[in-house]
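Several structures are given next for inspection.
One chain, chain A, links the two complexes that follow: it is found with chain B in the first and with chain C in the second.
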Partner chain A sequence: MKMFTPKTTVKSKAKMDVTHSLMAHFPAPDGTDWLSKARADATARVNAMGLPIARDEYWKYTDPAPMNATDPMFSGPSAASDVFTGADAVTITLIDGVVQGDLPKVDGLEIALLSDAAQADIHWVQDTFGVLEAASQGNVERPYAALNTAIATQGVFINVTGEVKTPVRLVYGSDGGQCNLHHVVKLAAGASATLLEEGTMAARSTSVTEVVVEDAATFDHLRLMMDVADRQTVTHIFSRLGEESTFRSFTLTSEGALTRNEAVIDINGDNATAHIAGACLGDGDFHHDDTVFVTHDAVDCESRQVFKKVLRNGATGVFQGKILVKPGAQKTDGYQISQSLLLDDDSQFLAKPELEIYADDVACSHGSTSGAIDEDALFYLRSRGVPYGTAVDLLTLSFLAEAIEEIADDRLAEIVLAHLEETLSARR
Partner chain B sequence: MDDLQVKDGVDAETVEQVKALSGTYKYGWDTEIEMEYAPKGLSEDIVRLISSKNDEPQWMLDWRLAAYRRWLELKEPDWAMVDYPEIDFQDQYYYARPASMVEKPKSLDEVDPKLLETYNKLGIPLKEQALLAGVEAPEDERKVAVDAVFDSVSVGTTFQAELKKAGVIFCSISEAIKNHPELVQKYLGTVVPASDNYYATLNSAVFSDGSFVYIPPGVRCPMELSTYFRINAENTGQFERTLIIADKESYVSYLEGCTAPQRDVAQLHAAVVELVLLDDAEIKYSTVQNWFPGDENGKGGIYNFVTKRADCRGARSKVMWTQVETGSAVTWKYPSCILRGDDSQGEFYSIAIANNHQQADTGTKMIHLGKNTKSRIVSKGISAGVAQNTYRGQVTMHPRAKESRNYTQCDSLLIGDKCGAHTVPYIEVKNNSSRVEHEATTSKVDDDQLFYCRSRGMDEEEAVALVVNGFCKEVLQALPMEFAMEAQQLVAISLEGSVG
Partner chain C sequence: MLDIKDLHVSLEDEDKQILKGLSLKLETGKVHAIMGPNGSGKSTLSYVLSGKDGYEVTGGSAELDGDDLLDMDPEERAAAGLFLAFQYPVEIPGVGNMTFLRTAVNAQRKLRGEDEMSAGDFLKSVREKAKSLKIDADMLKRPVNVGFSGGEKKRNEILQMAMLEPKMCILDETDSGLDVDAMKLVAEGVNALRGPDRTFLVITHYQRLLDHIKPDVVHIMADGKIIKSGGPELALEVENNGYADLLAEVA
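Let's turn to the complex of A and B:
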């Protein structure tokens, strides 16, 4: 049956000028190895699509101009982050995208780096690197993801073959430079793994994480984005889910002049589950954009999108979420909620929650709300002797709770919650 | 249907009703009537011709020409989720009128009986029978004044004298341009500017007729006003323009109905409706849109590109849009409310049914500019066959629209696994004292409910119609009574052939 083919963005002269002036810094590689070929293909994709500009529909609420600027932006240094220190994880530290020290060794895991990929024969990464990104360009154009494939200088490749209990933790720090990271995670049938990310990758960064979750495999992802207020980043997670597999991703963002987190999830196997959640605490010069695109192309699958934003002092929160249910994807259970709590009159919340459904036996719903803190609840707490600041924090936490509950591992959820409480009290 | 087996205990009325409901498109016949056309195609000359046919003053012609020149620079919008073959705007007649209307009849008695017959067939009494017979209508019988538009011209407006007594002006827009130029000049194009969008701009250049309503301050319009649009001629686009002005503390309820004959070739309809509300005014605008939807194979049908907007300029003004969209091959329509006055209110109730190859992309915009403004959106979309149905809406709370409220609910129902239902809302909140709530669901017709109806002896189509009517109840209740009855039947007819 017929589905709508999305309109491609207009290749205006302004758009192509921006694209050419940035791409002039990144000529396509002409090597004959697989990586050079993948990069050359991605460069061609960027040049064909053009980089996003403010007039593009998919960038309606977020101005991409800072990402297109040719003069690099530098900001203050940011120490390597240490929130997940107690999570019993193996750690890889990257400062401005440069790996510090040796790679850890864990049973059931094979870990390699993008910087070694051209030389080493890492055949398992070749059918994934840039492949999920390229496949996603059909329904909406995602030029920064293609740009990342073309120019990323580093990335961590993880091949998971068994049930791995020890999380892999990527710790980021920055001396104020730029970086582009491209990670690949592959989970074999029945395998499971947890990826933790924390800190600031660089003053300006892009990242792409491609995750292949084979049948009955489970992938958990937790990410904390904080530390440097004026950093700018655009991240993409692409995932393809097999039968009875599980994908869960949660992101907490508390700093950043520009954050655009895209999650592009293709549910290809029956009975699979995808949960994507995010919480953010925006203060002042803060622009946070969650853009999620979940495609259901199998029967009996479930997807959840839970996004909560607390904004104050002129912060802006954006949510663009979409559930696409393809013809034949019967018994789909799709849920999407985006809510914002505006703590003052200067902040704003902009949302575009979309459903596109071509199968009848489905239950899909979305909700979106925006409003101020509940005066009655605040009064109740104050009347019980809770000081104003503590009362606001309590109500903020209860507002964010639904998103935090999406974290499956209780211990990790506690670490995130403690970090959240600390951040709130530091800002009071 | 003629050999309908009547079971015991089924009364004649039920049989009649079933008969009335059967058949695919009830209004598919056309009236053989001598027409006068302007040459095919669109150019400045055609715009001048339309203007001169209506004996328009120079300012009106200038306005049209400015719109036409602007239109040449615009591009057809392509963001809606509708696919249709490219429209050749030069392959259309932009002006057609029944030959008998060349000399405007002085009263309805002089109107070509064939025209009146057409409207009678549609169930719209144009004759002011009660008045002609010299009897006042009984107290409890509601009177509805009708302005009937046939292709490009208004063929008659009823109850004008009685409305005049109340100070209400209800006439065709071409008459208003002649008789009330000061009102038309003051308000035309102030809600939907001539350069608003591709189709509105086209309409501004070539609109030939439509309705004009002015309700003076403090007047509650004594009867419901109604316009009936009919596209009859082949290859003719209909471009009507409606302008309603509700002055301070006035009230009017306005009904709009549309049909067209069954034709193989798609026809174009691009209307503009502007509502102006001053302090404490209230307008209720109800539409039952039943343009020919094309046949089961998607051949023919009306392309319906409509711009409707209400400007709540005055404080405490209130507008209510209610629409039942069952017809048209392609619908592109977003009745909107600009809530400019403090404490103003906007409401939007919609049922959009798309069956067979129909495509509907419809919704609303609620732009909150004034303080303490309120809006409510209730949208029910039903898709069947291989149809596509999209709700597209926007709710914006501007920084100075403090303490405002919006509640949006859009539900979609899918009948069959080959159709699509889509929701594309834009929500923009720019202050924190306002509350915005949006919820949307998509599901199929509930099997348990269907089973319940079937077990009570209903056939599958009746059962679906009943369940769907229940699904739409909130919107049907918002319609004026006569329309609600018609709409309920329409819901059933529109879904014919969608099950089994």
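Let's turn to the complex of A and C:
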């Protein structure tokens, strides 16, 4: 694995001022030896990179300034979310990053908390915590992820050793505070698990989720980001995939003044599959950025990136997606689609699809489109008696269908779809 | 009864008049056919009656049982009992045919202030009607018209008509793109829906559809107007002699 080497380029004073100010705002938390070291290393990474500012190429379409602010944000309260209540999951509730109640027990997996790192025996997390994040810094700098490793005080660690049918559900709520969450999920060879996340982590938050998927293991992730319109968040998912493993992640976002969801997937084992999908309903003061980086470093692997955004009343959608096929990663099947449905002239979609291929026997395709609602289809529906608002909703669902179809579990897909329909009709 | 009086219609985007004082009275329970050469305004008439954007009514009226159609939204016209079978039915990926049908049936009922149809009753009714149109379960499940052949699309239009039970049905060149067998099947579906309370306006270029859906009255349309009306024999005259003689008569 490529280790992080601080770049020698001189960072601007503006950048370093922002960085020092925010680092001072979040003093390094206490921890045990290994954790203190991981945090100190991450702090060094942040100081070497500096935090993003508007001039940075990787932040061209999303202004990071709100994330660099040190003033408190009060946009809550937002009650703990309850969409996946019918999913037969075990639930851990976090309000502004503080865990409520006891941890659930599930056969086939072990759950621990970052805040218990000093007391609990969680040696299994040491080789992962901050490690996947650090490795990702080789291609593109992701300073908020390093910042999160350095300052996060809470996070859920899940060690999966069996085929676990019961999903683990993280429910978020906020009283208007700030938080930084750092989760770790490890799936042993042949293991499987589903992680559900829903709600608003905090008024302003960062999160990192590091996922190690060993050979023939399967990880499913579903996430709903809603409830609070003016919250700001930058999230990261880092995953390393073993042979014949499967990684599937789907996110539905319906609220958020600033959302940047980064997914960094390293496919290291042959015959592995990675699907990353997202659907977005943006209305008004809404800025949503999906930044995805999939690296193929093994043969016969498949990756899909499917992102759909419905935008109106001045909402902004961003997609930066990359497929990197390394030398020797033959028989790679890479697919990437990013599309927006613009419901008015005030909204905008900015897309930067990228393919970088160093192998000669691969099939990679990508596409990006922006369009308005199909007037012929709208008339067709109305001519059958479907009222205008319902017809627009149906066509919106029709547009989002390809992303929703990425959800492998039918029952969970139904829950997401019902939530989506409810959100649409509430906005009509 | 559908009563169209001196209807004048232009395209919104360009200064082009399409309907130039069209008058037509459709008697309830009868099948009326409109035939006419390309560009005579037949499809425009069907779109204007059903409320498509892009047309400007500059004069005249169209009333369905005394209600002013032109003042209503397309969905209100549908709820009032108007149905247009499209010449080119639209594909809607991601929306299941059944979902679409049920949404439409219940939306119309709601607009009319009626109770929604129960899921059970709806399913029973769809299955029955689909069967007689040779529409299988797979076609009902698939997204609306996506991947349907020309014949399947037209049969799907007739299924919608059967489910929505409109009192005024407009068929816009339903025979286009159909082979003989498909046309027979569609015609049988339409004939099964004929009744004393249901009126049809069948728009077509050719006599052959009218061999299967026998009209009571035939109207000839040219240059935005009805130029002649008569019995079924008028369609045969067109088939044999073309439109030239009729056009010459009027000119």
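Convention: the second predicted complex is superposed on the first by the 411 of 428 C-alpha atoms of A that agree within 3 Å, B and C clash if a C-alpha of one lies under 4 Å from a C-alpha of the other, contacts with A are read in each partner's own complex, and residues count from 1 in each chain.
One rule holds in what follows: a residue touches a chain if its C-beta (ideal position, glycine included) is under 8 Å from a C-beta of that chain, and two chains touch if they have at least 3 such contacts.
Keep in mind that this is a model prediction, so the values were computed, not measured.
When both complexes are superposed on chain A, chain B and chain C end up sitting side by side without clashing.
Rounded to the nearest 10, the angle made at the CA centre of chain A by the CA centres of chain B and chain C in the overlaid structures is 80 degrees. Once chain A of one complex is fitted onto chain A of the other, the partner contacts of A:L397 are limited to chain C, with no touch recorded for chain B.
In the superposed three-chain model, the partner touching more residues of chain A is B, compared with the other of chain B and chain C.
By the touch criterion defined above, A:S383 reaches chain C but does not reach chain B.
Once the two complexes are overlaid on the shared chain, A:E375 sits against chain C while remaining clear of chain B. When the shared chain is aligned, chain B comes close enough to touch A:L350, but chain C does not. Nearest C-alpha atoms belonging to chain B and chain C sit 14 Å apart in the superposition, given in whole angstrom. Taken together, the two complexes place no residue of chain A in contact with both chain B and chain C.
Interface residues of chain A facing chain B in the complex, by the touch rule stated above, are 1-4, 7, 57, 327-328, 330, 340, 342-345, 347-372. The touching residues of chain B, counted against chain A in their complex, run 78-79, 81, 83, 386, 388, 399, 402, 412, 414-444. The part of chain A that touches chain C in the complex is made up of residues 374-377, 379-388, 390-391, 394-395, 397-402.
Against chain A, in their complex, chain C makes its touches with residues 50-53, 73-75, 77-79, 83-84, 86, 89-95, 100, 103-105, 107-108, 111, 143, 160, 164.
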